[in-house]
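Listed after this line are the structures, all set down as structure tokens.
Across the two complexes that follow, subunit A remains constant while its partner is subunit B and subsequently subunit C.
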Partner chain A sequence: MRQYALKRIALIIPTVLLVTIIVFTVMRLLPGDPALVILSEGDASFTQEELEDLRRQLGTDRPIVVQYVDWIGGLVQGDLGTSIWRSGQPVSKLVGDRIFRTLELAVLAILIAVLFAVPLGVISAIKPDSVIDYFSRVIALVGISIPTFFAGLLVVLVLSRGFGWLPPLGYEDLWDNPWKNLQQMFLPALALGFYDMAFIARVTRSSMMEIIREDYMRTARAKGLGERIVLVRHGLKNAVLPILTISGWQFGRLFGGTVIIESIFKVPGIGTLLIETVFQRDFPTIQAIIIVIAVSIVIINLLVDLLYGLLDPRIRYA
Partner chain B sequence: MTTQTPNDALSARNAAAVDDAVLSDMRPRPTLVGNILRFCRTKPLGGISAAIIILTVLAAIFAPVIVPHDPLDLVHAPFVAPSAVAWLGSDDLGRDVFSRVIAGARISMYVGIMSVLIGITLGTAIGILSAYVGGVLDLTIQRIVDALMAFPAIIMALGLMAALGASVNNIVAALVVILVPGAIRVIRSQVLSIKELDYTLAAQAIGARPWRIMLRHILPNVTASYIVLSTITLGLAIVIEASLSFLGVGVPPDVPTWGGMLTEGASQYIRNAPWLAVFPGLAISVIVFSINFLGDALRDSLDPRLRGR
Partner chain C sequence: MKPSILGRPFLRTLPLIAGAAALMVGIACGGAETPAAPAAPAQPAATQAPAVAQPTNTPIPEAMAATARPTNTPAPTATPRVVATPTPSAGATYGGTLRMSAYADTKDWDPLGSSSLSSVISYSQLYNQIVQYDTVDTNAITGDLAASWDVSPDGLTYTFHLRDDMQWTDGTEITSADIISTHSRYANPCNSTGRSGLWRNYTVKMEVADKDGGNCAPTNQDAVLRAIDDKTVEFNLQFASGAFIKFLAIDYAKVLPGHLLDADPNCAVRDAANPCALNLGENIIEMGTTSGPYVLEEYQVGDFYYVNKNPDYFKDGRPYVDRIEHTIFTGQAKDTLIANFEAGRLDMANGGFTNLSPTQYFDLEKSTNGEYVAHPIAAGTNWGLMLNVKKPQFESHLVRQAINLAVDRQEIDERVFDNSGGSYCPLMGLAHANEVCTEWPGIRSKDSAGGQEDLAEAKRLMAEAGVADGFEVQYTVRQVGNYPDQCQVVKQQLQDALGISGDIETLPSAAGYAKYGTARAEGSSGDWEISCQGEGMVVFDADAVYGGVYLKGGTRNYTDWSNDSVVDWFERQKVELDADARREINKEAELWLHSFEDNHWVTLQLGQLFWLVHQDVKGFTAPSTVQYQFKHEDLWLDR
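== the complex of A and B ==
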């Protein structure tokens, strides 16, 4: 296990390095230089001196390799750079203030998804072609075709028009007012988790279908175990591995989905920050947010792989 | 009664064999139309999905002729509910929602089809090269693919749009960057096994040059995957375009798009004028649903190796 873990961890170093190079290159793709872009917005009159000042302030007057090395040096020490607009606030503070809310949203979404998807998938696997099976297959097909933002609007529409229920206004953090926060986060989490619920239900169904035909299931029944124990302890326990992997991967995708869901439901998370900064062309902040998200995803994938190796000996010795 | 010599029997058998050969030559060879009909018979839902997609593409092409009103003109009173006059209602300014939904198909289809054509073609070319040449080139390309795949599609698209600026062709460019890595990975894994097959080895043995082998022997054998990949990623491309327009960083706001219509109709009017959000949302969902369904059906009938990916 230790060797497997070390090998897996060593592999992410070049990936993370390349991730930083890609983000850096993309942000340098912009036509002209950031200083010019910033100054030409608004009234667009500026002197050459102002331009050079801003270039020096942004550090874009230096050779690109120097800029990259300097930026990486900062990253390693947890310095994500300074925002252009928000009166030079450090980006790490901006991101740190908000990332918890995004994480909360993502975790809630995946919890809701798993909570609905696993029972749905299991039931439709043990009773194929039943009403529940058809229902869950339709949900699965519809779920992966509805774009996240439309799912969000539909959730609002159904709950507000159908049930007259609307989440309380004004965002409150989890530790300030847990009950109000959860009421507010429920709708966005439901909308965000819808796709994943569909996907996980599909995976659960197909992996349970395979397991049900296994010899050890028959053995468990033959030695007189109750049906529920056979299904949960012998069946579900083996089906958990693929479900776990998929959920881990989906968790990465959720970060993308939060951008949209946060902007619909006005959650002040990292996604809304990204949108704001894209409109403001606040390049240091955009760059930092993308890095934080991409590196988080690399790390989550690593954790999922390690967990998988820990749970299934066949993986780590392969 | 004549007696048969062994020779006679042999020649009779030969004649039968010749007849068989002639017959099998005369049997109709599978034509494109025949293949399509067979596909529709074995996969009826795939056929229906294909019909919906073709209709949407036609609607996109002929939108200026089909639409009852100019999608930008204020032809109705604001917030007219769906009726015989305004089939899908009118928006907050009094523009015709039906005309705007039809016009919105143009952007979705253009962006989706262009980005998939360029992205999957590029990905296939790089994937073949990477797997066939191998060595340092393969290793380098694979690490870059790993890194590119660490970005969620929307996040990557937002970053690229911030750098490139909002325009239709920049969305296509951003989507190409998003679609290429996945295509490289799928095609590469197939080429890795194709290049060990007898016919590739035979081609190498008679001294065919690498370019010839890649183009004449490997490329035809990944065509099925190419078609399936293109179909499946088309749905993704359309959703990302709609998401970008929804967030306001995609197509300029005066152009009607499905994503853009959802932004306008979305939060403010969802309670009182739900048709503003529901129809463009349905348009996206139905087309993406059809594309996913067609993709699954094509995969099952063209390329069983891709199953479960």
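== the complex of A and C ==
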């Protein structure tokens, strides 16, 4: 197990390195020049000379490899650089707490998704073609079909405007006021996790349907075990691996969804910051946000992989 | 035997799941509670009861009732104007937190060159002007830092006498030096005019050592403005004009701490690459030097900013509320904004511009049983179609003329503005009356015989320009208000009528401004081609329309389009004190602008805007334009 864990952890380094290269290169390939964006602010005219001067100041006139080495050098020392858009503010200050709010939102979304999806999928599997099964399948189909931003709008229109369930304005930190924080995060997390709930419910259903027909399930029942123990200890435990895999994958997708969901629900995470910085061509901030997200996803997937090892001894010893 | 789960022991786990789900629903429902109204300390401070800013419970007028009223620039008064120190409103209570919505993030925290409404609504609470618009008689000008002022008999010199008891929040006294430091920046020709420098069109022109060589040191500063003593400042005009003080009174013309401006080498001249430290909200918090009724406590880019009462504010008894929480609701969060108003989570929108349509304002009034009132602003926004004349598609004036003829303004008004348009005239009803303009080619209804002729003429002009089948064009639009909707309708109209087709690119507010600005660069045509934009009326005066749209450097003239005839009309009318004569000059200009012999701005309409305010918010009276009344020192909560 230890060797397995170490191997997986070691894989993080080349993965993150590859991400930095891709992110850095893609950002430079995008059309748009941060110097031009900065000089275009306000109503003043500017000359080509001023434009070139600013490029020199920002360092964007240097070869891309030099820029990359410079950036990665700072990164390994924990320096995320300074923002171009926010006049030299440290990127770490801009991204700071926001990233944790977004992470919280994503974690909450996946928790809600799993909490609703697993029971729905299990019941649907053991009562095929029942009313609950049809209901579950319809919900799953709807959830998979609608994009995240639309789910967000539906939540606002139905739950907030229809029923008056509305998160309090502003933002309370989870550690300062957990109850208010959860109130603020629940609806956005629900909207964000809707797709994943549907997807996980479908996976759970099909996974459970296969497992309940397995010989060992019949054996367990024949031994006189109670139905709950049969389903949870023997059924669900074996069905959970694909669910875990899907949840790990979905976590990455959730980060993409947070951008729009945060705008709709006024969650002060990285979403609004990312939108602005992309349009402002604030390379250092965009790169920092993407790297932090990428590292988070890599870590989550590592945890998922390690959980595999705990849940399935065959993986542990492979 | 088929395993049966329901009704079996497994069900025992369901309550746990149901409990968890109920907890979550509980969390959601918990959020539905209306937060307790902030306790207002019972400290009615009113000892005198002057004209009280009572809650305006104005019934909603017919949309057209607030049609733009042409006004004329009054001749300057040659008598001293003494301003009484404001006294607290009778019955006003102190305390509480006001919760406001903002329609977009702040672009600038430094008013220099600032021309975005989303910015002024944030920094206005932090600083003062020399003079301001009265919050009760919202067309009248009253003192802010100035206790009084007088105008010389020839109308060419304004002398402002400052109050004695004013200080910055860092304890430094507010003196004439602060005004000189701040307003010489606004007057400096090296700096863009923005809206903070619109008054400089009337004062003696500031000369600098060598503008082209980058030496922006003023050479005649004293001739423009000078400090007579620590508490007296003088501004010298080129000609007698009542418009000068109107522009000086708008919320953009803030006085900043001179000692900080002078200490920062980046502040004197606007430099986008090295902006003045005061252009960042975060720095303002750190420096802690403001003068206004509120102090910035926290700012989170794109999300919110919170301000707290300035306990040492120099106006006795002001402000009333302890705190204002501003939450930014962009277009994407429009439904969340409505839901928050419906749930009573917001007390008011900060300003007459939100991302709501007129109908949505009225619906909110109805759905909340009148708890919120949509206060109309007489002179809202000059909505227009902005053509990048530096691009080959719009180089020919024939194409621009064709577009002006083909656009169906009535349909746009109906589909986008809920028929709330005030005037379709290029000078917003300040020259010809709307009834006259609506008979003009291009403006008249497309359902009329004349309208059909206009469409035929537009096609002919396109053919004459060599683009009979139209062309491809890129629409660029900021994702705020109903700009995207406007562009959607216009795009369809131009496609149907002239074969001009294309995609619409939507951008966040600040990014959109930046993109428009790319067309200002010398030798560059910019990164955009056509856009739906608006120029919120600064003051309801023809000068503001010219200055915003038709003069080089205008806030919405991103291609720096210019025409000598227009400059001439502007110069002639701005010094004309006879109202009728001035109107005649403007009529001449308006006819020419509408002919599109050469123009870059297709006027769509003078749009109606509203301030949405809860009945519990007292001390509010709607201003007559969209660009002022954001200090909020007279607002109080009756709950």
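Before moving on, here are some points about what is shown:
Here, the second predicted complex is superposed on the first by the 280 of 318 C-alpha atoms of A that agree within 3 Å, B and C clash if a C-alpha of one lies under 4 Å from a C-alpha of the other, contacts with A are read in each partner's own complex, and residues count from 1 in each chain.
Here is the rule we go by: contacts are C-beta pairs under 8 Å (C-beta built on N, C-alpha and C of every residue); 3 or more make two chains touch, one makes a residue touch a chain.
A quick note: this is a predicted structure, and the numbers were derived from the prediction, not measured.
Contact with subunit B, but none with subunit C, is seen for A:148 once the two complexes are overlaid on the shared chain.
In the superposed pair of complexes, A:73 makes contact with neither subunit B nor subunit C.
Of the two partner chains placed by superposition, only subunit B is touched by A:294; subunit C is not.
In the superposed pair of complexes, A:115 makes contact with subunit C only, with no contact to subunit B. Shared-chain residue A:156: touches subunit B and subunit C both.
In the superposed pair of complexes, A:18 makes contact with subunit B only, with no contact to subunit C. When the two complexes are overlaid, the chain among subunit B and subunit C that reaches more residues of subunit A is C. By the touch criterion defined above, A:27 lies against subunit B but remains apart from subunit C after alignment on the C-alpha atoms of chain A. Looking at the shared chain after the overlay, A:276 reaches subunit C, while subunit B stays out of its contact range.
Of the two partner chains placed around the shared chain by superposition, neither subunit B nor subunit C is touched by A:178.
On subunit A, the surface touched by subunit B in one complex and the surface touched by subunit C in the other have residues 153, 156-157, 160-161, 260, 263-264, 275, 279 in common.
If you check the complex, the residues on subunit A that touch subunit C are 35-48, 50-51, 53-54, 57, 86-87, 89, 93-94, 112, 115-116, 119, 123, 126-127, 153, 156-157, 159-161, 163-171, 179, 182-184, 186-187, 190, 212, 221, 226-228, 230-232, 260, 263-266, 268, 272-273, 275-276, 279-280.
Contact residues on subunit B toward subunit A in their complex (touch as defined above): 143-144, 146-148, 150-156, 158-165, 235, 239, 242-243, 246-249, 259, 262, 266-267, 270-271, 274, 277-278, 281, 284-285, 288-289, 292-293. Those residues of subunit A whose C-beta lies close enough to touch subunit B in the complex are 14-15, 18-19, 21-23, 26-31, 141-142, 144-150, 153-154, 156-157, 160-161, 252-253, 255-257, 259-260, 263-264, 274-275, 277-279, 281, 283, 286-287, 290, 293-295, 297-298, 301. Every residue of subunit C that touches subunit A in the complex is listed here, in rising order: 3-6, 8-10, 12-14, 17, 20-21, 24, 27-32, 35, 99, 105, 107-108, 113, 115, 191-194, 270, 272-275, 279-280, 282, 300-304, 325, 327-330, 332-333, 335-336, 338-340, 342-343, 345-346, 507-508, 510-511, 513-518, 520-523, 553-555, 560.
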